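Taking it in order: structure first as structure tokens, then the write-up.
To keep things simple, chains are lettered A, B, C and D as they appear, and every chain counts its residues starting from 1.
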């Protein structure tokens, strides 16, 4: 119960928080087609988040629903990886982050379709289709930017350099993931690393880009996003996300 | 039959003009102006509502709002495409918007100040837009008419969602009800202004109606909107901020107070509460995206060259 | 009672909200001396805000203290002019805004030292010294930027152009100001316009700059900051300002 | 008496070296390195605490925090000035900081995650800094010693304010107490690391002590800090996160657990949780300010030229 709830919050918070950063792109995209695409990806992730937070509530067995989790938890209760929460950068950073995030998440979700938890398996099956599109979108832009102008090459290279130090965290299993992984319910993310490296390698080659080399950014005393230890940008994100809901705790919307 | 005669006849028979048909220059420029203005309105209109996406107080409302704003980007896309069938260029139209040489609907020059504004925009602003746009589904220009059919369908959906949000809020806390009333107070008069100046002062109406690109006068549409909205306001439990608003049995319509046309002119002429902000925001996004568009073009050229040298 | 409370909130909110924008400059100033100066001005205004909000509480007669006003009011209850809340721009915008704000406020406070309300008179007397320094700091930088490099001239010119449309609002009296003005308690801001124009004229001449010409930005149906109708940036500011306090409504700090 | 002898004698008699005195090159470079590193620490140290100014949950705490961060800017100013008396240039030192060629205290490479961090930084981080710095008030280099006297006075004040905030929070809600404990858990070990590597591994200590720019070893100061802090933690009602921490009557000191020196080395070498962020922030502020500093210089030149041509 508790482990499954925690695991659903991990995957749900990844989607919720990265969706927030994509929402910040709204009205700021370089072209209308991208406006539509980025909103679409944000919507897909928001949908995944809602299903996962609802599943967490059921697993927990109390009466907490999706909105309770999204709007009334404190920062240290959010279990998303730090990659999801990094402040919005330029379009190069967006594409780099989306490429890393969707490649990782797709590799997880593919495996998760075989979860012994039928709800998780169904959520994953739906998510696989969405994430395949997200990854394609990011990969296509990574190639255009890498093999476009000198300046675009610089921007995507810097984008990759800025997100790369947060990549290791994606594949570092939390005890909950290991326990549920052994039970056939969750996916141990370290199992997805090879596929991730392979796909990234293909995309970066097509984009004529090198794989970034940068040391992983540590958490605090070994604790990072999955353990509720976030970056300084997270508090501002939550302040905005939760502002209206918390100003009217008794309201229904 | 001369080209001009054929054009007149197509119009007279309520048939549609299609992209390859000959049209008078004045028709072409009128249509481009209308369609571009409408496209710009969709794009600028994303800003006031987009302002509340990250702060939407429930995940369901957040998804609805994000999907709605995305739809508006989609509408912008269809409409710019329709304008392109008349020989316009999307990039050039955007430049004109940013330079203040083409307009967009003045309603978007008002700020969104609470989450209730999201509902009120859906109810009143989309409602007024639909009144304006339903007749455009029979516009003489085919691509525009077809775009409008799709857009109107989606906007009706948005309007219902907006009204439903307000209904939910009116069943909520006293603060929520107050928030809805206050938003209605701010948006009511600007919504009435969306139908444009009174018929007597409208410079485009006559020609547009003759060409069947427009089918009702501003005042006719405004009256239809008021008559439609009054019972909805009653059902909702809000007061429309017009002491002169009342049913006139003789006319079979609601009478309503005088619109502040000085305010209307000020906002249309570029000096509303948010005109500068909206255009500056659009310009910043466009400028920030320049290198991305250039990269895409450069990459496409490279691919093209590689394919040609391989052939 | 109610009028005096409202008037204290007006002047207090101007200081509180502009101080917030100055706080955002912290760690972002062009030179350490400016880091110190901007923080100092932010502190002075924060101090003025605290005195004025406390006075509002007394005038109201309830048990609302400074923190209640700052952290638990809704946006439409804030009565600051919109100039105070505009999002942080570059250093040119800062100097332009500070020059306009402090020149206006100093002109008000000089007159307010003669208020029949002894508390307001004392707050004003203290504030006059502070605001004189703020205005000097802004004026000196306006001259350096206007008569510095071509680029700095462009930045201060743009800064002035961006704040100028919000200047008229500063001198448009609210009914509360008029009523209390007649009673000798408050200052009708329109009485300060001539002094403002005169001082600004002197500074801009020394800076070799023209007085901006731009139409005033209207409120919504004639209602602007003093009536609680703000700009879209205000909600984000309050979400941040109030986030911790509202997350822990029962806490003491 | 040779210059060198005079220098040695000044040191031997515990007198102060002043800017015009001759000093060996190694002394000069050691002092510049020490003072610059200290100045950089003050400036970078503004970031973690500055992070909470706009969100401080009471106006009194906001004023205290803003004043504290302002004091740190002031400390930076004195210290850069002290370094300038040795021939260094503030602009060049800043360039070195940004290029990663000069260090700052590693403690500022940890994030501030709740408002309790503000209190804990005041209590533990300023507390540790004071332990380090009090002896520096007797540094052989006069301008540094005098700057340190002023700085230590202000830091003691900050430390008391931090402790008082924590006391208030511990008397508050259960969530507040939890927040304090959690912040203590995160900051305790990094605070112990502030005293630098164990004496056996410290490369600078011996020479610095001979020159009396430093007067106690890292381990001595660390022990003093632990002994001082344990009763304060008890008074506060928090647990220091070290199961091995206990009074050793034989030594007359507290024993404590092994510090994670691998973490220390990682953070010092540039790869802590916030190293990249802190330097990037400082660089962005410096770069953004370049045109302002150029404008001030250009204006000063113009004034100068006008005065000269008028003379």
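Just so we're on the same page, a residue touches a chain if its C-beta (ideal position, glycine included) is under 8 Å from a C-beta of that chain, and two chains touch if they have at least 3 such contacts.
All values derive from a computational prediction rather than experimental measurement.
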| item | value |
| --- | --- |
| Between A-B and A-D, the pair joined by more C-beta contacts | A-B |
| Mean-CA-position distance for subunit C and subunit B (Å) | 37 |
| Residues of subunit A engaged with two or more neighbouring chains | 74, 235, 239-240, 243 |
| Junction residues of subunit D - those touching two or more other chains | 55, 175 |
| All chain pairs that touch each other | A-B, A-C, A-D, B-C, C-D |
| Interface residues, subunit A side, partner subunit D - complex | 74-76, 165, 215, 217-221, 229-232, 235, 239 |
| Subunit D partner contacts - residues on subunit C that touch it in the complex | 16, 20, 23-24, 26-36, 39-40, 42-43, 46-47, 49-50, 53, 66-67, 70-71, 90-91, 143-145, 147-149, 151-152, 155, 240-241, 243-245, 248, 250-253 |
| List of subunit B residues in touch with subunit C within their complex | 48, 51, 55, 110-114, 175, 182, 185-186, 189, 260, 263, 266, 271-274, 276-277 |
| Subunit A contact footprint on subunit B (complex, rising order) | 43, 46-47, 50, 53-63, 66-67, 69-70, 73-74, 76-77, 80, 115, 165, 168-169, 171-173, 175-176, 281-282, 284-285, 288-296, 298-299, 302 |
| In the complex, subunit A residues that touch subunit C | 74, 235-236, 238-240, 242-243, 246-247 |
